[in-house]
Structures are given as structure tokens and as C-alpha cells.
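Note that chain A is present in both complexes that follow, paired respectively with chain B and with chain C.
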Partner chain A sequence: MYILGIGRTKFGVLPESIPEMMYESIYKALDDANMDVKELDAIFVSNFIGDSSYNQAHLSSIASTLLPDTNLPSFRVEAACAGGGVALHLGLNTLHKYKNVLVIGVEKMTDLGSMESLRSVCSATDLVLEQKEGLVFPAAGALVSQLYMKKNNVTLKDLNLVALKNHENANLNPYAHFYGKKVTEEIINNSPIICSPLRLFDCSPNSDGAASVIISNEKRNKRDIKIAASEMATGNIHLAIENDITNFPATKIAGEKAYKAAGITPKEINFAEIHDGFTAMEMSSMEDLQLCKPGKAKELIRNGITKLNGKLPINMDGGLKANGHPIGATGIAQIYELVTQLRGEAKKRQVPGNIGLAYTFGALVGSASVHILRG
Partner chain B sequence: MYILGIGRTKFGVLPESIPEMMYESIYKALDDANMDVKELDAIFVSNFIGDSSYNQAHLSSIASTLLPDTNLPSFRVEAACAGGGVALHLGLNTLHKYKNVLVIGVEKMTDLGSMESLRSVCSATDLVLEQKEGLVFPAAGALVSQLYMKKNNVTLKDLNLVALKNHENANLNPYAHFYGKKVTEEIINNSPIICSPLRLFDCSPNSDGAASVIISNEKRNKRDIKIAASEMATGNIHLAIENDITNFPATKIAGEKAYKAAGITPKEINFAEIHDGFTAMEMSSMEDLQLCKPGKAKELIRNGITKLNGKLPINMDGGLKANGHPIGATGIAQIYELVTQLRGEAKKRQVPGNIGLAYTFGALVGSASVHILRG
Partner chain C sequence: MYYKCEKCNKLWYYPIKNCIFCKEKINRVIPKSFNVKALTEVNSPSFGHKKVPYYVLLLEDEFGNTHIKKSYKKYGLGNELDYNKKGKISVSTIRYDPYEAIERATRLLDGFDINNGTKILIRIYLLNFKFSLLQSLVEFLADNNTNKENIIITYDAEEENRLLTKFNIDSLGIKTRKLGKEDLHGTNLIINLASVDSKKEFDGKAKALHLLFSTNKNNIRNQHPMLFASFNQKMLEDALKKINQDKEVDSITGEEIEIIKDSLRA
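And now, the complex of A and B:
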């Protein structure tokens, strides 16, 4: 399994519509792969809230309409914030049938009001046990963060270090939502508390954007990147029935299966894109993915190990926190970054190594996907 | 590829929630297959408007939560009214990897107001070129019906015959939305015009319901039914850029590919479940699927060929018109009916033959799926 082409829009507050963003990312990916549209055999589209917020579902057919007269098999996949990774996983599972598959992730969020976007995003969680009880996402994230911090003696300063690192990385990524934004610890500490202990800078933003990749079982060019593993697992959609909400079975299972499939140990990962919807989740996910021992993520953060010049760079593109989080596109954007790094095309944010991991989750944690790429 | 088990709820105005309906259909299918939940390897969920109407997306994780501690790979697929067929198609394409796959279709519609359900259902169509122009679904269906009727000298009485047949069949199907409802031509002709030429009885209803099937590459029991073909194709999401809106390329392509894959000619089909979202679409789809020559569907209808005692029974369960149309579940319910017929378990509506076809479409026609089953 190989990635033959990648394309993305800038993430941020964009004037473009959903189809316009899709179009840009699709044709950039085709250009990157030096591939004609007629060479595509199937399409997967990841989108989360197009229907609940814009009344635009059926994006599989929109994608087909953007590739006129192809009449390709086309599939919309939705898995909340994990959608991009899950759509890629499913696309990879059809490569025995289709030669070249286009996987698109897209989301439009920034022209919704804040209450409207909050409502839509909460559709990832359980209607009865969470939404109707008022457990909105930042509140759920705060619950998890509080318990994780208490269990592992993690401080607010540790969370700040995650946000600072990711904003620093985003300032080297012209496509990032917060490219060019200067962030200091003082700015973070003066930012509003969203839901204690989470401040504004602990939460990923609402972003617009799209990203596309073209996958195949056949390598075409020297710069094509191998997908060594693609796994997904699910967990309970609601926190209420979990005994421990500081670490998540779906993440652990997907990670273990991915290492096994790739034939590597977690120690062989050189860098990773880790779903940092909330800063503490970057830390707890590193543990669930065995990138460090339980409770030890704070030490990696404090010692700069996860910075671009550290031994295990995390979220080189700025992560959800600063690259942005156009939900359906996020998982594909992570792959975009891994491919860019593995090709050696990441310029000022280039890190060494030839094995990268991408991890996304939906709800806490109802869906988890893990991909391992090899340069 | 085989169907090992089937389960469904009644369709209609139900008090149950989305997870409750899913649960009922899942465990009925497991019982039918005499299979333990631990034998499942993956889940696909088809749902259309759960997010736009109930703010409940991420039904892949809900399904996993209903099968506790399985942490199975689980995928939500959305393709407007074709969702059930498309989810099944995608599930079948993963059987090289998973042994037993559960495919669930579910929809909750009847406690929405009529404007709210109209809005939600229109999310299948293009936001800019159709929704914002006011081209709601019955209006689009009426445009297609008018042109189809004019082109082929089809009368209002022909449409009535389709509705009468499907209601008659539904009265032999205790699971049908309109089971027990007496419908006469007089009742139809006195019913309100929704959008000329379509009266109330030309339009499928809003229904609640769920249906599940369990699929595998391995046959376990004598009564397991073979899937001889599964195909899908897409078309333009909007009517505006089509030259001819009386017949649809996506349907023709999916049908042709399915006959080829099954190694049969259209004449070998003994009975079929055909997406009759509007009565005229049952007729035009028969032509696109080559079940009769172009323009000749009216003759089959007039001569009773498509009735239960005719040579080519269509919509034995009552079709969308009278079995009901819980959108995400419809494609799976069609498979439920084909399997029931091919097993010889359809009681008073049993028809002869060992090859059945199921066809669903989303938008007009943005997505099309065709399945051929063999007893």
C-alpha cells in the first residue's frame, strides 16, 4: 500500500465552500501524483458535520460530480473526529479491487455561530447520556484532563508546553490555521478558561479545510510512500460506562495491531502526528500508543523530546491545536504531513527518520485509527 | 459471498430510539444466523439523517457500544437513500479481511415535523443548485415523472397501478409500514396532490425502522443465500447538468456491472426490489435496469406482470411506498425480503424463482447500488 499523491488547502477561516475546498485538494493530489482523473477507480470522502450544519450530506456524489462523467464508486464515511483516518483505512481495504483510490477529507466550520458549531460537534457523542446531560466536548475533555493530570501529577505548565510546541511548529507550516501567530506562555495564561483546567489554548479550533491523498497497491514513483499499517478500533461512545477515562481501549488496540502489522516496536517510531483535540490528550495518547511508559508523557514534554529538534517529534505540522481541526479533513492532513516529512520536503520543519505514525480519535474514544508510514 | 442472517424491526411510526431499533435488528440477525456476537469481525452502519435531525452522528461507535467489549472495527456509511445498499456493497468488499460482517441500516424520521423532515431529506441534494432554489425532493420527483410520462405516454392511472400493487403486497407483510391499510383507486384519486403529477400515494412515506444482515465469504448453513453480484456507481448530484432526466447513467452502469458479475442476463431475474421513492421511478428504473425495454414498463404494469402472481414480481414486501422508507435501512430491508423469498419463507407473498435483484438510489441519481442474490 502506497501514497502516490497528496494535496491540501490551507486550514483556517476560508471563504470557499465544501465542494470548492474538495476540488482544490483533489486536483493538487492528482497533480502531485502526476495522475489523470481517468486513472482513479474509487473515491472515499470523510466529512463530519456537512449535513447537520449545512444540510449537505451525500458528499460521495458531490465528489463524483467534481470528477465529471467518471461515475466512480464513491463512499462517504463518517466517524466523528476520526473520520479522515477511518476513511483512509477503509479505502486501503478496497485496494484488492480498485487500483487507484482517492481519499478526501473536508470540513466547513467557521461561518457557524459558536453555539451552532458546539451543537454540531457534540453529535459525535451520545444523545441521551451525554448531549442531553449537557456534557459538551470541552466539558468531557476537561473531565478526562483533570483525572489524567491528578493521576500522573501533570501540571498546567505541562499543558502549556504542548500548546507552545504545536504553535511553534505551525509557524513553520504556511498551510496551518495559526501560521504567523505569535504565542507565548503569558498569552496562554491570560487566555479565557473554557472549562477548567482547559484554557482556550488547550482546545483545538474550528477550522475550514480539505486534504486528499491517492492510494494504491502499486508504487509508481520513487517518492511514493509505503503504508506499513492501517488499523482502527472502536470503544464505548460515552464516558459514563468506562471505569477509567484517562486511557482508552480503542487507542491501545488500534496501536498494538498497527505495530504488529508493520512488524515494528513502538520504539522504532521516529515521529508522529497525534490527535491533540485537547492538550492533555496528546499526552495520554502517547501513553496509549506506547510511545512512552504510562504516566511518563510529561517527562518527554518537559525535556523537549517531542519538539522538532527532539528525539520523538510530535505534531510537526502544528497538530489539531495549531495546524487546525477541520474535522473530516484532519486525519488526511496528518497523512499529508507524514508523507511530506518522509519525502524530505518539509523544509524548515523537516525532522529526521523514516517511520512515522498518525493517530486520530472520535469522541472519547469511540473510534480510533492508527497509520504507520515508512519512507 | 453469502447472507448468513437477517433481522428487522417493523417499519412505521415507532416509539423506539435509533439505538433501540439497531439493537432489535442486530440481535434478530444474530439469532437468525445462530451466531454469537463474539463471532463478528466488523460492523457497517448505514444512516442518513441521524446527525442533521437528532444531532446523533458517529453511529459506528453507537453500534460498537451495543456490542459491549468487542471494540470491533466499525464504519458509518452515508449515501442518502442508497445508503443501505452502499453500506452492504462496502461491507462485502472487506470480506477478504473480515470473516463475518454485520451490516445495519437504521433511520428515525416520524417524530420530526414535516418541514424538518423535508429539510433533512433534501440534504441528499445539492445545496447551491437545488436546495437554495427550492427544488425539494417531491418537486424534483415530479419533474422527472412529468418528463418520463410525456416521453412514454404513461398515464396517471399507470402510477396508481404501481401504488395499488405495492400497498396490496404490503398487506401481506406484517412488518410493513402500511400493513392492514386498505387502499383503492378512489382513495388514491381523492388524496392530495403533493407536486403535480404526484399525489400522496405516489410518494414514499417517512418511516422509522432498522434492518440488519450478516455477511460472510463462507457458507455455514443450507439456508444461507449467495450474493452473486454487488455493484455501485455514482452520477451527478443535481439534475441541472443532465441532458435527460428520465433515465440515469449511475443506475444503468451499476445494473450492467451486476449482470456481468453474476454471469446472467436481465431476463434471468425472477423478482426484484426496486427503489420506488416515487411511483414513476419504479417504472423508469425497470428500464434502466433492463428488466424491460425502454418505454415499456407501462405495459408490464398494465398487464399485471409485476404483481405477486405475475411473471416478474416487483417490490414483494410493498416497496418504499408501502413497506416504508426509513432511509438508511431501506437497502438492507430489500435484502431482507430477497433472502426471505429465496429461502421460501415469505408465506402469503411467496413468489417462485431463485434469482432476485435489489436496487436503491440516492438523489436523482447521485448514487446507485444493485445486488443480485441467488437461492
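And now, the complex of A and C:
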């Protein structure tokens, strides 16, 4: 299985509508793959809040409308923040039937206002047990962060280091939501507390954006990147069901299955895109994915191991924190970054290595997807 | 409005710049006449459309392409829509492409006339500002034979300059500066571009085209954001008050605005 083409929009506060953003990313992906529209055989579209917030569902048909007269089979996928990864996973599982599959992720969020966006995003949690109790998503992230920090002696300064690193990386990524915005520790410390202990800069932003990839069983040229593993696992939607909310079974299972499928050990991963919806989640996920020993993520962060010039760069594009988090598109954007890195086309944020991992989750952690790509 | 690739003969109703099949630049098509090809009277109210009955028309334009339009006026099959009547206020819905709204709002406005020699001053007010509207306005003016050299964009307060930088205003290729008294003289057309809730007091002495836009966040109970245009600020404000006061109307369409405008004239 290979990725033949990638395309994305800038992430951030964009004037474009959902169809316009989708079109731009599809256009670029086809161009990147040097592929004619008529060579596509199926479409998958990841989107989370289009229907709940904008009353715009059926994005599978919008995708088809953007490619007039192709009449391709097209499917919409929703798995909260994991939607992009899950859509790719589903697309890959249809390659026995379809030769070339287009996978799109798209989200429009920034014109909702914060009340509406909080309401929409927490639809990923249980309606009765969590939403009615006021568990907006940053509150869930805050509870996890508190316990994770206590268990592992992680400090607020450690969380700052994660945010600072990801903002530094985003400043090298012209497509990133926070590109061109210098963030300092002083800015972070002076930012408002959203849900204690999480400050604004511990939380990923609401972003608009789209990203697309074209996948196939056939390698067409040397720029095509091999997908060594694509795995997905689920967990409980209700946070309180877990006895330990600092580490998540779904993440561990998806990771273990992916390493097995790729025939590698976690130590062979050269770099990774890890879902940092909240800064502490980047650290706990590194542990769940066995990229470090339990409780040791803080040491990697403190010693700069996860920076671009470190031994294990994490979130080279700025991560959700600073590249942005247009929910349905996030998982596809992670793949975009891995492909760019593995092709050696990442310019100032280029890191060495030929094996990259992408991990994204929906809710905490109801859906988890892990992809391993090899250059 | 729609978008057509002349080479591939493909159509899009979304704003598309280049054809995904042949990569060629795509043309905007602005149809001017519409005939009713099919219609239905809707008697079931729904969110955003509580006032019934209304009609949903399937319109066919002069190029044979079709469009959906809501109307409170009853039409018959084959009727031509009176869609080109000029007035002292014009109103257009802002759909996917703000260019469409600007084209329609100015085309249907009495006294709007521009040419290569027209010196234009665009005054912008940044409360709830929509950069895409300014972008489309500049594009529309350029498409209609005005000279970009003759256009100046001005703002009122120095601190607004920071916001304009954020919007990447330089990408428009138009001179931009803080409004000076000299700017109001020697200008053929002043365009005030503002949100309906900016509550901006315009300078009453200079003749100006007022382009006021609503957004989804405004307190106007319309389904689409809208663009209101008039050279008469008082008349425009009265129309907007009327819309806001009309508690019975849940969804304002261009057609309803026509009715409100008529009542104001009466």
C-alpha cells in the first residue's frame, strides 16, 4: 500500500467554505500524484461537526460534486478527532476492490464562536454521563493531565516545553495555524486558564482546513511512500469507566498491532506525529506507544530529544497544538507531514530517518488509529 | 452564479479557480434571466422557514442551467422572474462567493456607474469585518474597467492598521492608508464597507455608496448573510430596522426585502 499524492490547505481562520477547502486539497493531491481525476476509483471523507454545527452532512456527495460526472463511490467517516486516521484505515481496507482511493479530511470551526464549538466538540463524549455534567473537552483533558502529572511528577514547566517545541516547529511550517507567531514561555504563563491546570497554550486551537491523500496498492514512482501498517482500536467513550485515565488501552493496542504489522519494534521509529490535543497527551501517548518507558516522557521533553534536532522528533509540523486542529482533517495532515519528511521535502523542518509514525485519537480514548510509513 | 471550464464543459456551483480535469482557469458565469421550470408550494414550516406557505422554484437560466430559489411570490410554470429591477436599495444574499452578492447589489442599484477614470475611495470599518468581501469588491471593480491605481482603501484609526496586516491586505495590490481629509475630495465614488452592526456614523456630506453586510452572527433573522447597498444611508438604516423589528418573519429573502422596500417607499 502506498501514498501517491498529498495535498492540504493552510490551517487557521480561513474564509473558505467546506467545499472550497476540500477542492483545494484534492486539487493539490492529484497534482502531487501527477494523476488524472479519472484514475480515482473511490472517495472517503472525514468530518466531525459539519452536520451538528452547520447542518451540512453528506460530505461524501459534496466530494463527488467537486469532481463532476465521475460518480465515484464516496463514503463519509466520523470518529471524532480520530476521523482522519480512521478514514485512511478504511480506505486502505478497500484497495482490494478499488485501485486508487482519495481520502479527504475537512473541518470548518472558526466562525462558530467558542460556546458553539465547545458544545460541538464535546459531542464526542457521552451525552448523558459526561456532556450533561459539563465535561467540555478541555475539562476531560484537564482531568487526565492532572492525574498524569501527579503520577509522573510532571510539572507545568514540562507542559510549557511541549507547547514551545510545537510552536517552534510550526514557525517552520507555512501551512500551520500559528506560522509566523512567536510564542514564548512568558506568553504561555500569562495565557488564561481554560480548565485548570490547562492554560490556553496547553490546548489545541479550533482551526479550519482540509487535507487529502491518494492511496493505492501500486507504487508508481520513487516519491510514493509505503504504508507499512494501518491499525485502529477502540476504547470506552466514558472517561470514568477507565480505572486509570493517564494511559489508554486503545492507544496501546493500536500501537502494538501496528508495530507487529510493520515488522518493527518501537525503537525503530525515527520520528512521529502524535495527537497533542492537550500538551500532556503528547507525553502520555508517547508512553502508550512505547516510544519511551512509562513515566519517562518528561525526560525526553526536558532533554530536547523530541525537538527537530533531537533523536526522536515529535510533531515536526507543529502538531495539533500549533499546526492546528481542524478535527476531521487532522489525521490526514499528520500523514501529509510524514510523507513530506520521508520524501526529504520538509525543508527547514526536515529530520533524518525512514520510518515515521502517526497517531490520532478520538475522545479520551474512544478511537485510536496508528499508521507507520516507511520511506 | 456558477463556474465553468470552457475546455472540459464542466460546471461547479462552488467558487473554483482552476479546473481539476485540465488545470485551466475557470470562468465565472453570471446569468441574468431566469424562467420557472418547476415549482412547489411548501406548507410545512421548518427551522429557518417558519413562515408558510412559500414557494421553492427550480429556475432555468439563459444558458440552460438550473438554480433553486425560495420565494414568497407565487409564480407559474414558464414565468420569467423579475430579477433585474433597479432601486434605491438593493439586497443580495451572500452565498459561497461574495463576488456574486457585490455584482448583484451594484447591478440593481440606481445610479451605480463606474469606468476607467472613476477615482474610488473604499472606507472600511473593522468591527466584524469580512476580508473576503473587500477582496471580492476589489476584484469586481477591477473586472469592471476601473483602474487599480485609482482605488484607495482607507481606515479610520491607526490601530486598525495592525488588523489589516493580519488580513494580508497587501495581497490586494491597492494603496491603503489612514483616512485623511484630502481623501474625501477629488474622489468620484466613496464606498463605505461595514458590518450592519458597526453602527458607524457616516459622513453625511459626501455622497457615498453604503455597502452593509450581515453575517451569521448578526441579529438579523436571515438564513444567508446578506449585502445591502444604497446611496441613501437613512433609507438603508430604516430598512434594516424594519427587518429587525419584524418578529413574524423568520427568514428574510431578497424578495421580502423588496416588499419592505416597497412599504418604505409607500
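As a convention for this text, the second predicted complex is superposed on the first by the 375 of 375 C-alpha atoms of A that agree within 3 Å, B and C clash if a C-alpha of one lies under 4 Å from a C-alpha of the other, contacts with A are read in each partner's own complex, and residues count from 1 in each chain.
By our rule, contacts are C-beta pairs under 8 Å (C-beta built on N, C-alpha and C of every residue); 3 or more make two chains touch, one makes a residue touch a chain.
The model shown is predicted, which means the values in this text are computed figures rather than measured ones.
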item: Touching partner for A:77 - first (chain B), second (chain C), both, neither; value: first
item: Chain B versus chain C as contact partner of A:148, first or second or both or neither; value: neither
item: Which superposed partner A:137 touches (first chain B, second chain C, both, neither); value: neither
item: First (chain B), second (chain C), both or neither touched by A:17; value: both
item: Touched partner set for A:259, first chain B, second chain C, both or neither; value: neither
item: Touching partner for A:248 - first (chain B), second (chain C), both, neither; value: neither
item: Touching partner for A:178 - first (chain B), second (chain C), both, neither; value: neither
item: Contacts of A:336 with chain B and chain C, given as first, second, both or neither; value: neither
item: Of chain C and chain B, partner touching more chain A residues; value: B
item: Chain C-contacting residues of chain A that also contact chain B; value: 17, 65, 68
item: Chain B residues within the chain A interface of the complex; value: 17, 43, 48-49, 51-52, 54-58, 60-65, 68, 70-80, 86, 89-90, 93-94, 96-97, 119-120, 122-128, 131, 232-238, 241, 249-250, 253, 362-363, 366-367
item: Touch list for chain C against partner chain A, complex; value: 10-16, 18, 20-21, 23, 96, 130-132, 215-217
item: In the complex with chain C, residue positions of chain A that touch it; value: 15, 17, 19-20, 23, 26-27, 30-31, 36-38, 65-69, 111, 113
